[in-house]
Amino acid sequence: MSLLTQYAFLIVPIVKVAVLILIVLTVDAYLTWIERKVVAHIQSRWGPHRVGPHGLLQPLADGVKFIFKEDPLPANVDKVAYFLAPFLALMLALTSLAVIPFGPDIPVLGHRLTLSVADVNISLLVLFSITALAVYGVALAGWASNNKYSLLGGLRSSAQMISYELALTLSVVGVLLVAGSFSLREIIEHQANGHLGLLGWNIFGFTKDGVGFTQIIGFFCFYIAAIAETNRVPFDLPEAESELVAGFHTEYASMKFAMFFIAEYTSMITISCLATILFFGGWLSPFPASWTLTHYVPSLLLIPLGLWVIFDGLRYENIFGRIVLPGVGVVLAAIGAGLIVFPAVNDAIQGVFWFLTKVFTFLFIYVWMRGTLPRFRYDQLMSFGWKFLLPVSIANVVLTSAVVLWRMH
Amino acid sequence: MRPILENLWIIPLLPLLGCALNGLLGAKWPKKTVDAVALGSTGLSFVLAIEAVREFLGYYQSNYHAFVKPFFDWIVAGNFRAGFDLQMDQLTVVMVLVVTGVGFLIHIYSTGYMAHEGGYYRFFSYLNLFMFFMLILVLAANFALLFVGWEGVGLCSYLLIGFYFLRKSATNAGNKAFIVNRIGDFGFMLGMFLLFRTFHSLDFAAVFDATSKLPPDAMGQFGTLTIASLLLFMGATGKSAQIPLYVWLPDAMEGPTPVSALIHAATMVTAGVYMVARSHVLFTHAPTAMYVVAIVGCATAFFAATIGLVQSDIKKVLAYSTVSQLGYMFLGCGVGAFGAGIFHLMTHAFFKALLFLAAGSVIHAMSGEQDMWGMGGLASKIKVTFWCMLFGTIAIAGFPPFAAFFSKDSILFSAYNYEHNGKALYTVGLLAAVMTSFYMFRLIWLTFFTEKRYDEHHVHVHESPLNMTVPLMILAFLSLTGGWFALPALFGGKDYFAEFLAPVFGAAEAGGEAGQSLEHTLSIVAVVAAAIGLLVAWRMYTKKVKRRPSQGLHKVLYNKYYVDELYHAVVVGPLVWLSRNVFWKVVDVGLVDGTVNGIASGSRAVGDTVRQTQSGNTRSYAVWVLVGAIVVLAIIFWPILHPALFGEVR
Amino acid sequence: MTGALVIFFALAALAVVGSVSLILQREPIHSALSLIVVMVALAGLYLLMGAEFVAAVQIIVYGGAIMVLFVFVIMLLNAGEEERTNFSKLATFAGIPLALAVTGFIAAAIAHSSASLPAPEPSGALTSTKTLSMLLFSDFVYPFELTSFLILVAILGAIVLAQREN
Amino acid sequence: MVPTNYYLILSAILFGLGIVAFVFKRNVIAIFMAIELMLNAVNLAFVAFSQSFGKVDGEVFVLFVIVVAAAEATVGLGIIILTARNRRSLNVERVDLLKL
């Protein structure tokens, strides 16, 4: 025990990182499942449903496949870059999660546990720095793998990322001006004002004295630019199947490909978190603080979910249906119930709950878009980025700063 | 209230305007317009001059000194100031009236004479320019401005002598005149410098006041004043064609006759006399200079007259007579009778202008013939010209009551009374007078009497138009009456001219009874001398004359004592040789061009070597940048790296 | 040997190694990567000195924009292995000594003037971005505006260069 | 606590390496990188000084340097692209004529 306390400054972060990576990887895996499911339903298909109930085990299967597939090395590639690229991509993607606060400090054994690996006061800048570097993963991959499609993919992605990074950064400046800090934590806390609830979020921008300036323009700019940054539909030109086979990762297989894959989904998560934090009040509950009853919302969601899982699992005449699913359902329902029983715990997880809810909403929107929107043409992409997004975000900056000034005096 | 006197600059300005208008626009204009501008400007300035004189006389009544007015600063350098200052005193009055008056008449005459010449507007533009500079010269109130006029008239004379610039001889004559004048001007400038160095000013008033306070040099002593005076006189010899610089004047006859009349007889050549008279204070303080002036003048008078005896070109005769008359003027000045000199200047302006214009009219009648041996018996054909010419001749010969009688008489009288062998000067002058009347009457006879020696069929003699004859008549009248200011002096009255000029030159020396009687005798002698000349000429040229091959003394005289040849051999030849073989082939080609080409080839060689560094190879450039950086760093860190030199830097 | 020193030496070594490899690498893309490494290392050093904002800007602008531009151009021109020609004798022979000389100069100057430097601020005292921005918009506002103008000019120049003459 | 000299010495070393790279790289882009490296070295010195004097001015200068570097890179790379297109070579030793 004493050892623990002595080396806490080392142990705690390591534990945090481990936990975080574990969670994130799982989420990534199941994100692919969700995506496939949702898109399938949008396209009125079934999607994966063979491996496990609702294809729930599909991600595991994919993972196994990735691991055991052969990993061919294309002829005369630039080895250093070729190997560096996926590692870089994944590393950066995961690192970026380190500065994100998933919730308010929660008391554990008398210690205050901050729900972020590194709580630096320039977390946003760090985040941007990392996203800025993220481009190299793609670009290098494209360059290294001695293949014209890859090269084109790499070129496109690097150009696209530079172009949209400007808009991304500028769209956030509005929020920074309002909050007056680079620290994500402080940005969230600035949005917290008891009696207003969700109206206080930057997306609506009301302040305690009522008047406010909405950051909705900033939000849209941010979100569009973010999608482009993550090379997702409708901006997934670097990996446009119809044009470039698979773009920058054409020549990559098995784990290296998996790394790109994970990196992409992780950055999706990061971006969703960022959007949540910057514009939607992070872990703040949408309801005014006075409405204490709303603390039971998690339970009210978890218990029915658990019951439904039990009920649904019973339809399968196999081990899953008979044991696993009901078990999971029971656990869920139990957690829900437990939250009601132990208000302290309940209060502790409130922030995390709301945070995750919002993040998942955004992830869903990602998927939703993928199912809905067609791909941009390259010149459209560029002209959109430079001629529309950038000016609009600059205008947003100007407006916001004007309002801030006016509010000062 | 003296509108003109206060704005004296108007008088010279008008001719300048005329010159500018004619010179710039005249080419397009019809003759009438050019006439209008030229005559208008000069005539108006003549009228204004008269008005100015009237005002000046009024001014002089009230305050007894010259009228001087500075108009603007021209050069101001340190303690040296040369302003555009004009002045008006009795001397100026005479000069201005002569210049503008005679000038105006000659302008009128020119409209007739030049009627058929090319470059009509150019001629009048030059003439007006000359008027301008001449007026500046006589109105100037300091040596610097006077020098401006001095050089200006020189320029105009050059331009007008070379007016027929297609004739080689004309341009040569122009150059000769210019160059010879340069020599004189050199002396003049030295004189000015000396004066400035002595008196720290060039204003007449200042210089002369200072001088009058100084003690005069003794005879034969070469003090500053003497040197200065001599240098100034050198300039005068150049401008007024005295020995040894007279050679340009006869050649100057290449110019149109009105020019000869205006510039080379009436006005410009008298500038030297004017200048000497103007600085009489200096000269009176330098007896040696005076003596030199007298001798030179006298010698020139005699010398030129001898040459004049045998010349056959009508204008040449007049030219040499001009030279000798100028000699008379200098003689007058030299012996201290500045008034007499100026007096003769005026009368000479009248009758010599008359003679030249008449000669011009003759030439006009003979349609360009100038050789007297090609004339003869014109008297009946061109009466007006003849009578005017005759008047002029009588005047210059010095018969009473014509102008020159009085002026020349007073000069000789003063010469006679001059303390340094005045008798000798007098005798020479008298001989010159004899010769003068001889060659003048020779001219009359050869031209107007004896049988005609030209071909009727080719030349058809005709009288000149009115605009030529009228000025002749006016001048004839003037040369008759011009001397009558001094008329009373003969009968014990007083010489009004001398008296008029008294404020400038001081009171004329009172002859007293003895002087009176002496003056009578001298004048009688002079008349007799003139008569002798007349008779000899009559004897020689009334009966059938034919041109004999000239030999012996005649040949020498006819060739002007070979002076030109002498000068060419002594001065011009060596100079040309020097310029060609030293200054051109050595200095210019060797030194100047050598230097320039050397620099060029040197830089080329340097460039060839330095160009090697410009390889275009960026890496080499990078290294050069490094070198530069190291130098800069070395400079910056020198004190740090060498605390021993600069002490510990903290 | 405090932690700060350890970190410093680690990062310094990284930077030096990066720049050396920038020189030794023949593939432009590898040089670019090495340079990125150097920049990241420098950013780390800035953080160590507590210049957080500069560190961030270092990575965002240098690492994220400028170097990406380099990589982009390298890819665009498909720049292969550089040929080690030696046309410039001057550079071949005089290059190293001169470079050493300059470095020596600077080093000497530092060594000499080191005594005059005041003791550094206690570590960890991060210069807050606020003061930085205050300074930037008060004392340095004119240079700041000038830089914006400079960037405008640069953009125009780039456009002019990029458009094909027709 | 790291003494300021260390930073300065490091920046000097980096600068020297930059010079070496500037002279010994033949690839235009690489040379450009060398310039950037030198700029970085200078930046390091700036920050070090601003730290040791406890003044922020140095960091402001760093920002300016970075901006200038960005502008420079934009134009420079544009020029490089044109040159490469026209001369078919990125080797500065082969591009030694002002006009073709």
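The first chain written gets the first letter, and so on, giving A, B, C and D; residue counts start at 1 in each chain.
Just so we're on the same page, a contact is a pair of C-beta atoms (placed from the backbone, for glycine too) under 8 Å apart; a residue touches a chain by one contact, two chains touch by 3 or more.
Because the structure is predicted, anything quoted here is derived from the model rather than measured.
Chain pairs A-C and C-D differ in how many C-beta pairs are in contact, and the one with more is C-D.
Comparing each chain's Cα centroid with the centroid of every protein Cα atom identifies chain D as the most central. With centres taken as mean Cα positions, subunit C sits 32 Å from subunit A. Centre-to-centre separation of subunit A and subunit D, using mean CA positions: 36 Å. Put simply, the C-alpha centre of subunit C and that of subunit D have 6 angstrom between them. Between the CA-based centres of subunit A and subunit B the separation comes to 111 Å, rounded to the whole angstrom. In subunit D, 19, 23-24, 26, 93, 96 are the positions where the chain touches two or more neighbouring chains simultaneously. In subunit A, no position touches at least two other chains. Shown for subunit C are the residues that touch two or more other chains, namely 53, 65, 69, 74, 76, 87-88, 91, 95, 98-99, 102, 106.
Going by the touch rule set out above, the chain pairs that meet are A-C, B-C, B-D, C-D. Residues 1-10, 12-21, 23-27, 29-30, 32-34, 36-37, 40, 43-44, 47-48, 50-54, 56-57, 59-60, 62-64, 66-75, 77-82, 84, 90-91, 93-94, 96 of subunit D touch subunit C in their complex.
Against subunit B, in their complex, subunit D makes its touches with residues 19, 22-24, 26, 31, 92-93, 95-98.
Listing the residues of subunit C that touch subunit D in their complex gives 2, 4-5, 8, 12, 15-16, 19-20, 22-23, 28, 31-32, 35, 38-39, 42, 45-46, 48-51, 53-54, 57-58, 61-62, 65-66, 69-70, 73-74, 76-77, 79, 82-88, 91, 95-96, 98-100, 102-103, 106-107, 110-111, 114, 117-123, 127, 131-132, 135-136, 139-140, 143-144, 147, 150-151, 153-155, 157-158, 161-162.
The touching residues of subunit C, when paired with subunit B in their complex, are 87-88, 90-91, 94-95, 98-99, 101-102, 105-106, 108-109, 112-113, 116. Listed in rising order, the residues of subunit C touching subunit A in the complex are 27, 29-30, 33, 36, 40, 43, 52-53, 56, 59-60, 63-65, 68-69, 71-72, 74-76, 78, 126, 129.
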